[in-house]
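Can you read through this structure? Questions will come right after.
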Amino acid sequence: MLLKELTQLNGVAGCESAVREFIMEKIALYADDITVDTMGNLIAFKKGSGKSGKKIALCAHMDEVGFIVSGITDDGYIKFKPVGGIDERILLSKRVTIGKDKISGVIGIKAVHLSTPEEREAVVKQKDMYIDIGAKDKESAEEVVALGDYIAFDSDYLEFGNGKIKAKAIDDRAGCAILIECMKKDYTNDMYFCFTVQEETGLKGAAIVAHRLQLDAAFIVESTTAADVPGLEEHEYATSLGSGPAITVMDGASNSSKALNNYIFDLANENNIKYQLKRTVFGGNDARAFATRGGACATAAISLPCRYIHSPVCIADMADFELTMSLVQAIAENSWKLGGII
Amino acid sequence: MELLKKLTQTPSPSGNEDGIRDIIKSEVEKFADDVFTDALGSLIVHIKGNGKRAMICAHADEIGVMVTFIDEKGFLRFAPVGGLDKYCCLYQRVRFSNGAVGVVGYEEAIEDMKELKLSNMYIDIGAKNKEEAEKIVSIGDMAVFSGDMETAGDHIISKALDNRIGVYILIDVIKHIKNSPYDLYFVFSSQEEVGLRGAKGAGFDVNPDIALAVDVTDTGDTPNCKRMAVKMGDGACIKVMDKSVICSKSVRDCLTDVAEGKDIKVQYEVLDCGGTDAGAMQLTRGGVLTGAVSVPTRYIHTPSEMVNINDVNECIRLIGAFLEKNMFGEQL
Amino acid sequence: MKITDNIKLLSNLHGVSGCEQTVADEVKKIFSQYCDECSIDAMGNVIGIKKSKNPHGKVMIEAHMDEVGLIITDIDEKGFLHFSAIGGIDARIMLAQEVIVHGKSRLTGIIGAKPPHILSAEERKKTVPKDKLYIDTGFSADEIKKLVKVGDTATMKNKTLFMLDGMISTKAQDDRTSVSAIMDVLHQLKDVELPFDLYAVAAVQEEVGLRGAGCAAYSINPDFAIAIDVCHGTSPDAKDNTFSTGGGAVISKGPNIHPVLVEAVINVMKIKGIDYSIDIDGGDTGTDAAAIQIANRGVPTVLFSLPLKYMHTPIETVSEKDVQSTANAIAEFLKSVKRVGDVICY
C-alpha cells in the first residue's frame, strides 16, 4: 500500500532522495517527462489527450519535519537541531533513526525521580536534549553518525480504531500517494505533477518550481491540522476527522482562488464527495509559493485532516483519505474546463 | 432510617468508637455466634461457617478534632483527627462525647483566606475562662462536627455517612445473610481515618483468605468538579484502585459476575486520592485476595455528606450476593 | 539461554502494578525450568523453589515484575479516554506517546492534548499536567465503551532496541530486566547442589508501594534475601548520584542492608573479579529490599541495582554487561555459601 510505504520512508526536508526515488519508480510508466531540479523537486509531466487550455499542476510536498545532527558529545550522545516546525513538548522518550543507515536512538531525559518540581513543570528545551544511540564514547558514535546526518522519527504505520491510521509523515506523504494514484489515469488537459522539497522549512522547493513552470492554476494536496480533541471548543477544531477533505479559503500564507474553490465545491457536490472548510486562518503551505513566485497563479488547497500533525503519531481517517483522493481525481479529470473559469 | 440516624448522630472520632460499637452490637448480637472488641477498638462479629475465612470490613470511626490547648479566656485550640478540610471547619458546630457543644471560629486578623490554617482557628464552647473550660473538656478530648440527618428525595444528607453508611450496610447484610460458604468475620474497624489502623490489626488476627471493605467514594457528577466516572444513582461501586490498594482481579471479577447474575446496578471506581481498609487487609501476612465496594458519596468529610438510597440498597444486594457465592469454587 | 532473549521477552509483556497476570504466567514458565516447585500466591507474586537435598535454610532472590502505566478513569462523550497514573510517570514524556489499552482486546492509543497552535506562549512553556492529557483510540464513544471500561489499564508501547556497545533500550526494564538476571542466576545454578532451598521471587506491585515483596517475604520467611532493582544510570542531564552504564554491578550499603551479608557478597565479587560499585543510602532504599527487611521477624537483605537511564519512560536503557555482572555476582555468591548462618551472623 502506497501510503504505508511512503510514510515509512525518511525524507526530512533537505534529504528527500529516498522519497523521490520511490516516487520516480512508481510514476515512471505514467509520465511523459520527468524533471529533477537543482533542489531535488520532482516534476512529472503528463500530456493531455485533448487541446490544452491552461497550465495546471497538482502539487504535494515530499519532505517531512525532523532533525539534523549538530554535534556529538565526548560521552557519545548526539546533539541535534530541528528541521521544520516541531513542538518540543512531544520529543522526550521518542525513538528516532539517524542517517542513511538508520541508526536507532532515543531522545533521553533524566528520570522524574531526579528532577526538581520546577524541572517537572517546565518544558525541556530542544537545545538541551540529546539522542542516546548506546555509544560508550565519541569515537564509538562517530563510527556510525556524522555531523549533518538527518534524523527522522521512528514510528510504524498502523491501522487502528474505526478506520484510522497512525504514522509519521502523513504530512504530506498522503498528498504524494494521491498524486501517484492520479498519475495512473489519462486526462484531457496537460497536467504537471509536482512533488516538492523543503516545504517544512519555508516553502523553498515550491518557489523554484513555480518559477520554472509559471502555472495558471495549482492545486495543493496537503495534510492539515485537525484539532477535534478534548480541551477545545468546536469553533477551535480547524478541521475534524471523518468530515472529508478540508478546503482552504484563506490561511496565514495565501488566499485560495475563489474561482478554483467554486470549481472544487461544484465537483464535490456533483460527485457526492463530503468535504469541509478549514475553519482557521493559521498555517500555510506551498500555495503561497505557487501563487506568487512564478507570477500570479490561482491556487487552491485540498487537505487531509490530521491529528497530532508534525509528530511521530499523526492520525488520519482512511475514509477522509479516500474522499480526498476522489476529489483530487475529479479535479484532474475536469481540468480542461478550467480554461473557461480562470 | 431510624437506625441510620442513630448511627450517624453518635459521635465516634477515631480511637473513641465506644458509643457506635454498643449500637452495632445490640443490632447484630442475635445473628452472630460471637461478638467481641479487640485491643484497637474494632468490633468483630463472627458468623461461623466451615469454608474459607472471609473478612468484611467497614470502619466505624469518623473524622473530628482533638483539643490540644485551652487558653486563659477559655478558647480551645485543636488538631485534626483524620483528613480535615480547613475551610470546611469554619463556623461549624462540634460536639464532644459528653454532650458539650462548641463552634469553630478563626482569628479575624487573617487578611487572605488562603493563609487560613487550623492553628489560626479555635473552638468556642462558651466558657468564661480556662477554669470553666477545663470543667467541660480537657486536652486530648475529641469532638466531631454536627450535621443532622435529613432526606432530600432519594438522597440522605448527614454528617459521618463516611462511613456509617458502610456500617449500616454491613448490619443489614449480617441480618439477612443465610447461605454463605464462608466462615464470616464482619469487622467494624476503628481508626481508619488516621491510617487504616484498626483493620491492619484485625486483619492479622482474623487472617482471612478473602477480604472485602465497604466504604464511601467520591463522585464526578457535580458542577465543574474533578473528572471521575462515578455518578451518584448509578449503583454500587466496585473499586478498582485508590491510593491504598489495587483490588485483586479475582475479587473484582467475582463482584462483577454476581452483579450481572442478580441484575445489580454497578459501576467501576478509580479514586485518585484517599485509601480504605482494603489496602491494610490486602497486605496482611502473605497477602490476601481483597476487594472493596463503595457507596458514591458527595461532599465527603463535610458535615453534609450525601448518598443515594438506591445506591445503598444496591451495595447491600451486591455484598449479600457476593458472600453467598464461593469465589474459590464449589470443590474447595 | 541468552540473557538478552529474556530481557526482550519480558519487557515486551504488559503488566502494570496490580495486573501482572500475563507477566506472571510467562515468568512461572521460565522459573519452572529451573525450580522444583513454582506457584503464584494471593497477591500474584511468582515464587519458584529450587530445592536442596539437605537444606539448612532458605534464601530468597527477588525482583519486581510490575511496570508503571496508566489506568482509565473516565470515557468522555467523544470517546477519548481519561486516565490516572499507576506508579510515578513523568508528564513531560507523555505527549505523542503510543500506548496499548488493555480492554476487551488490546487497542493502540495515542496520548494527546490541546495542540500547540491554540496555546498561549506561557502555556507552551509548561508541561501539560496528566489530567489534561487523554488517550485517542480512534474509536467513537459508542464503540469504545463496548471495548474499554473504567479501571482498565494501559501500558507504554515500544519495541526492544539493541543499540551500540551492548546497550538495550525498551519499556519496563524497571524491573523485569532484574527478573531476567534472576533467570540467569537460576540457569547458572542449574546443576549446582546448594545447601539451602533457593526461592526465586518475581514480585507484584512494587511501583505502588512495595506491596508484593513484603507479602512474599512474610510467607517464605527466608534466612536472608537478595533483592535486585534498578538505580539511575548516568546521562548528560543526570551526572550526580547516578552510576555509569557498563560499569558492572551496583551493590547498596546503609541501614536497609545487612552489614555482614553485604561484606560477604562483596568479598566474593572481589575474589571472582566482578566489576562493581557501591551505592549508599542513608535510610530506606525505596526498593523491595525495604519491605523484605522488615517482613515477618526480619530478613537480612542485600540489594543489587542495575544502572538504568531514563527510568519510568518507554526508553529505559541498560547495559547488557551490567545485567550479566549482577547475575554472575549473585550466582557466585550463592555457590560460595556453605552454611547460611556464616554469612549473616554478627
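To keep things simple, chains are lettered A, B and C as they appear, and every chain counts its residues starting from 1.
Everything below uses one rule, namely that a contact is a pair of C-beta atoms (placed from the backbone, for glycine too) under 8 Å apart; a residue touches a chain by one contact, two chains touch by 3 or more.
In this text the structure is predicted, and so the values were computed from the model without any measurement.
Enquirer: If we define chain centres by averaging CA atoms, which chain lands farthest from chain B? Would you check?
Expert: Most remote chain from chain B, centroid-wise, comes out as A.
Enquirer: Closest chain to the protein CA centroid?
Expert: When every chain is reduced to its C-alpha mean, the one closest to the whole-protein mean is C.
Enquirer: Between chain A and chain C, what distance separates the C-alpha centroids? Give it in angstrom.
Expert: 41
Enquirer: Can you check how far apart chain A and chain B are, centre to centre, with Cα atoms defining each centre and the answer in Å?
Expert: Chain A and chain B have C-alpha centres separated by 58 Å.
Enquirer: Roughly how far is chain B from chain C, going centre to centre by Cα mean, in whole Å?
Expert: Result: the chain centres lie 35 Å from each other.
Enquirer: Provide the list of chain C residues touching at least two other chains, using ranges where the numbers run on.
Expert: Only 82 qualify.
Enquirer: Which residues of chain A touch chain C in their complex?
Expert: Touch list, chain A to chain C: 73, 75, 77, 87, 89-90, 92-95, 103-115, 120-124, 128, 130, 132-136, 140-141, 144, 155, 158, 160-164, 166, 225, 227-232, 236, 282-283, 307-308, 311-313, 315.
Enquirer: Within the complex, which stretch of chain C touches chain B?
Expert: 17-19, 21, 41-45, 71-75, 82, 84, 86, 131, 149-151, 205, 208, 211-212, 214-216, 218-219
Enquirer: Could you pull out which chain B residues touch chain C in their complex?
Expert: Interface residues on chain B, with respect to chain C: 209, 220, 226-229, 238, 240-241, 246-249, 252, 267-270, 272, 282-283, 285-289.
Enquirer: Which stretch or stretches of chain C touch chain A in the complex?
Expert: Residues 76, 78, 80, 82, 88-93, 95-98, 107-108, 110, 112-118, 124-128, 132, 134, 136-140, 143, 158, 161, 163-167, 169, 232, 235-238, 241-242, 246, 309-315, 317 of chain C touch chain A in their complex.
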